[in-house]
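Shared between the two complexes below is chain A, which pairs with chain B and chain C, respectively.
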Partner chain A sequence: MIKAIHFEKIRTIAVIAISLLLTLLIIAVVSDDPLRTMGVFLTEPLSSLAHIGNIVEMAIPLMFTGLSVALLFRANLFNLGAEGLFYFAGIVASSIAVHFTLSAYVHPIVAILAGGLTGALLSAIPGILKAKWNVNELVTSLMFNSILFGVGLYFLNYKLRDPQAFVNASYKFHPSAMLNNLVPGTRIHIGLILAILSILAVHYYLYNTKWGYELRMTGSNRSFAEYSGINTTKVIIVVHLIAGFLAGMGGSVEVLGMYNRFQWTGLPGYGLDGALVALLAKNNPLSVIGAALFLAYIRIGADQMARMSDVPAELISIVQAVIILLISAEQFLKFWKTRMLLKEAGIRE
Partner chain B sequence: MGSSPLLEMRNITKVYPNGVVANSNVNFSLVEGEIHAIVGENGAGKSTLMKMIFGMEEPSEGEMLLAGSKMRFRSPQDAIDNGIGMVHQHFMLVPSFTVVQNIVLGMEPTKGGSINYKEAVRMTEELSAKYNLAIDPHAKVENLSVGMKQKVEILKVLIRGAKVLILDEPTAVLTPQETEELFRELKGLKREGHTIVFISHKLKEVKEICDRITIMRSGKTEGVFTTSDMSERDISRLMVGRDVVLKYDKTERRAGPAVLRARDLSYMGPEGKPLLSHVSFSVREGEIVGIAGVEGNGQAELVQALTGSLPGVKGTVEVAGENMIGRSIKEVRDTGVSYIPEDRMRQGAAKDASISDNLIAMFYRMKEWNRGLFLNKKKITRFTEEQIARYNVRCKGPEQPIGMLSGGNMQKIVVARECEAAPKLLIAEQPTRGVDIGAARLIHERLLEMRDDGCAILLLSADLNEILEVSDSLLVMYNGQFVAYYPDVKEVTEEELGFAMLGIKRQDAAEVRRALHD
Partner chain C sequence: MNNFFSILFSTDFAFSVLRVMTPILFAALGALISNKAGIVNIGMEGTMLTSALTGVIVSAYSGSAWVGLLAGIASGIAIAALLGFFTLKFKTHIILGGIAINMFASGGTVFILYLVSGDKGASTSLKSGVLPSVHIPLLQDIPVLGPILSGHNILTYVSLLCVIGLYYMLAKTPLGLRIRAVGENPQAAQSVGVRVNRVQFISLLISGFFAALGGAYMSMGYLSLFTRDMTAGRGWIGIAAEAVGRSTTLGTFLSSLLFGAADALANALQVLKIPAELIGTTPYVVTVIGLVVYAVTEAKVKSRKLAKNLEKNK
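Take a look at the complex of A and B:
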């Protein structure tokens, strides 16, 4: 018998299955050669080492932002500021990669730390506003995304821009600052190890330390946390610092691992995708790995599909929207849970 | 008043899905044009009965007759359509809307597809003139005083054509002047032929304006009386009383030095109403001091003052000789204060967190519960299993979310957490509200055990059984003050307690001040 306790897992799997079925259904309607297109979408991402590499490369930044957002959501803070922090930390790390000359091991560490600390400090602003004056963190964090993008673009245009590059991009990074490759034949870089280490660290922090306990209780019921003597103001500020650090670290790792110049002239979108990853992972640090890989997999599948068939990659936005809707719809499959609970209680056979 | 009743409830029984019998075989009738009081203690079933009349709940058994014909209300809309309106104790108004907008909400007069505000204002003014309920139709509700908001509520009900008005403790939030005004208005409504149901604890008010009284006690009606035949004392006698359900063999009290000592606690509410005035008492080692009183007479504020969560309170609170006023909740708790809150869903538990997470809220920051950076998970699991066994909690294990437990089992976890911290002072606020008899017995026995071990316990309860059986001495709160102190609970009669709780009789200040044990 399936237990009610597994309900959330089953529900997530059901959501993914439904969204994939819907994708296939749309393909069947749109494509002239539906079977081949479906084949491309589902199997092409796994068809070669290079493609698998693409999935992992894309999953690295998603893990960082997903982890950052999951931590905030866990504290019941609906903060979507990872986007701007990710971008701005990329600028900071790039500046260090361009303007500093350091030895091979120290250079990326300094750049990533600088990016992470920038993220933490900037994230503290909505955090303090929320903790002290109950300013809605969703509003401030979204506004900060625009502010950070604007300021970042200014730095790119006036401080980092290489006039000799053909596009709007920074000077080339010092090779010493760039992250080493991890798997030959792909572009997977050591950022993957950093991402997984961060996830493990956050997992232990959340479930095995007293500070993580305070965070979880504050998120679950702030009145209860306060009644227990937890300083929730402090907790909220600390969560923002950690989440900001993770998002900033993600941005730094991404630019140093995947590029040799800073060249984002628009927000890359990883921050908001992080919210989707956190939703799929049910705000569980370890599940962020799977959720990020899944999202990267369907993205790469869509890219390949656009390249090799007659269905555009934008299809994937529909799928993502369906996932978000179904996962956030609390009533979805609830009747089933109720039935399982009744069965377990022995009321219904 | 010999005419046939306008509304009749016959043999009404209401059983809630969780098994609580709120009404059993209740009979109630309303004669057109009367003001009819329903009095009873908290939990006597008054609200349930009113909810059924107003269509918010459906009776499990029994029938309801309106002007002689059988009726079944499935929603408040049915009740409104049949001319029954309710003014709730907590106002249901949109603060950012004007008076007119609130009054016509959902039934706005329209002209050519848009709302006709002129007409709405005219309707409001006409109604307020007719019933002499003076109000500025353009004022924003958020800027109104409580008394004015109540007028808006009454107008809201009247404009929907209500002939029967149910007022749920309408004077609880009013100042004496506002109360007087309300009574004038109610008398006016009566003259116009309206019928009013008046729910209250305040017997003086009931005597003042009501024609008849229905008295309720633990889900049953004690009878219907003509007000002029009854004295306040008669009413109180019928209202307050108990059926002894739980009895305990208590050991002799061995009171030590005072652990909690509160002096001259005073607090002014946001509306300028004094909610606590010069409250002084002490709780000594090894005794249980009960505080009885009808809810809303300052008990909640008193507990907040004692637990460090009432900024702006005047006076002193000492626990084990240390001043607690101005301390954070954490500091108060670290002094050795435990607190079982009244509302376990809001404060007492994090419902999607596990049982063990809920149990360790008092301990997680202590050194013994951590190993270096990490929490000692083994110790936590062992502790949780022990408590589940000790308190006989029905659950699937330490990791089950507490929200999936029944109310009684959830409360056992809350009690376990607060008691196992070995506090010097335990404040228990309605510790057995809404739990089954078995859980209540277990909780009471645990409290008595802690008292024998020398813990000082302050018990606040609206449940007379509990307060008379469990406490050693008793204080009675009325209107933010202590009005009676009984050093030995055995010497209190229920009758006397009823008089004190309802403010009919009060001891002089010196007698009450003995509770301080200086």
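Take a look at the complex of A and C:
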């Protein structure tokens, strides 16, 4: 029998089902050949090893940003700065991959650490502003996204750009800096292992350390945490440092794992998608893996659909909005939970 | 450099401040009314984009910019109603609801633009309308003031009227009183018979209305077409302007003017040989500085008050 304790899981599944149904509905209205388009959207991502590889490749950056945002949300901080940090750390890691000559194992480690540290330091700015003077972190982090993008683009165009390249891209990375392939036949790289290790580390940090406990307390009620002797200013700054490090690491790993030049001339969007992953995962580190894979699955489905049919991939952002609205809706399906609870207690309505 | 200063002190520059301020001011007013009711609508950016696109499409098909404007306003109010439905009925977190609205609009507008025009970047293939500019008789003949204040798009004047209207509404009308009461203390308001949910819903609709005007201005005044993500953070800058203006109508207007000036300055800076990528970040940098200055002074005022109270109690 379905029990009330499973309610959160059931609700998540219901939200996903509703959003998928809505996708199919929109396809049915828009497409000239709806059934084929729906088929492409749902089955094409799983149709070959290369496509499954695409899902995992896309899930890697989503895991990093999702984990980063989940930590911030857990501390009740609405910071969406992962986007800019991800981009800028990618620039930093690329500079090291282009301009440094190091041995094969050291090179990527240095580049990823540099990207992560850049992310941590930049993320600390809105963190300190929030912790000390209660500056709205949502607005500052979004402004920082635009600022970091502008500065990053400046570095790309003036410092890293390869005049020989046909597109607006950096010089080629030294091969020693690039991440090794993990699964032959796909482009899955060892960034996957780094992502999963980070998730395990954050899980341990959050549930098995004093700092993690302080973070969760601050998130559920900052004033109460302050009264019980937790230095919430410190907690907020530390969360920002860790989240920034994760986002920066994600950007570096993505650049070194997937490309041989830096070539983003727009924000790649993984930071904002990280917010969606965090919400789907209920800000729970281990659930970030599943949430990132799911989002990557519908993303790849939408890309394939855009390639093989008449429906553009942007359809997915409508679906994402519906997922956010429903997943964070406390009252959605609540009546059902109440009924289940009453039934379990042996009370008839 | 001389060239730069001659631009800065020209009437053209002052004119362009008002021109670029308009969308920021509309977004700030939308943030203000919703914040006053205690339910801050951060979906400004998305609402503006939606109404910008709706205005362009409807004006192209109806042949009238005014019909386009009305449709844009309707779409903005509809988005706000959707947000209100989810936050008030389903208890979706208002911030997350706003994020959802923004996410919906940034991809959804491209989706709809592609379906309508076959292009994902801009609505160049649609013959959309532009709202008229207004030359004010008498005023336009006054030197200096005339070239600055006259000849703006009609929505720029509407935005200034909205400031006055909103001030009057909040300060003098029963609805304004209720909105402020709900924002200050919803339980107290409820205890004297104010229907909190309804007042908050109305405030959200009004904030959607303001954001929609800002969006329509972007695509039918500031520019004459819709381009992907054309609001470029103006909704967020408006939200910051509302905070920096200490949630008062006049303060919000003044800080919008300041941010508009920063935006216009970024355009003027292009004559200096600074890379465009860096100049483009000016409005965002100024916004962050504005927010920090506001928050630091606010914190100081608070600690001073606290110290005073302690003195009294001794």
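In this section, the second predicted complex is superposed on the first by the 339 of 349 C-alpha atoms of A that agree within 3 Å, B and C clash if a C-alpha of one lies under 4 Å from a C-alpha of the other, contacts with A are read in each partner's own complex, and residues count from 1 in each chain.
Everything that follows uses one rule, which is that a contact is a pair of C-beta atoms (placed from the backbone, for glycine too) under 8 Å apart; a residue touches a chain by one contact, two chains touch by 3 or more.
Keep in mind that what you see is a predicted model, and the values were worked out from it rather than measured.
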After the overlay on chain A, what do you see for chain B versus chain C, clash or fit?
clash
For A:S146, decide between first (touching chain B), second (touching chain C), both and neither.
second
Does chain A have more residues touched by chain B or by chain C?
C
Touching A:W133, do we find chain B (first), chain C (second), both, or neither?
second
Where does A:Y154 make contact in the superposed view: on chain B (first), on chain C (second), on both, or on neither?
second
For A:S48, select first, second, both or neither according to whether it touches chain B, chain C, the two together, or no partner.
neither
Touching A:Y204 in the superposition: chain B (first), chain C (second), both, neither?
first
Which listed stretch of chain C (79-87, 151-159 or 169-177) steric-clashes with chain B in the superposition?
169-177
Which positions of chain A touch chain B when the two form their complex?
5, 204, 208-210, 213-214, 216-217, 220-221, 223-231, 341
Given the complex, residues on chain C that touch chain A span 42, 86, 89-93, 95-97, 99-101, 103-104, 106-108, 110-111, 114-115, 120, 232-233, 236-237, 239-240, 243, 275, 277-278, 280-281, 284-285, 287-288, 291-292, 295-296, 298-299
Enumerate the contact residues on chain A facing chain C in the complex.
30, 78, 80, 129, 132-136, 138-140, 142-144, 146-147, 150-151, 153-154, 157-158, 272, 275-276, 279, 312, 314-318, 320-322, 324-326, 328-332
For chain B, which residues count as touching chain A in their complex?
309, 328-330, 332-334, 339, 341, 346-353, 357, 360-362, 364-365, 369-370, 373-375, 377, 396, 400, 404
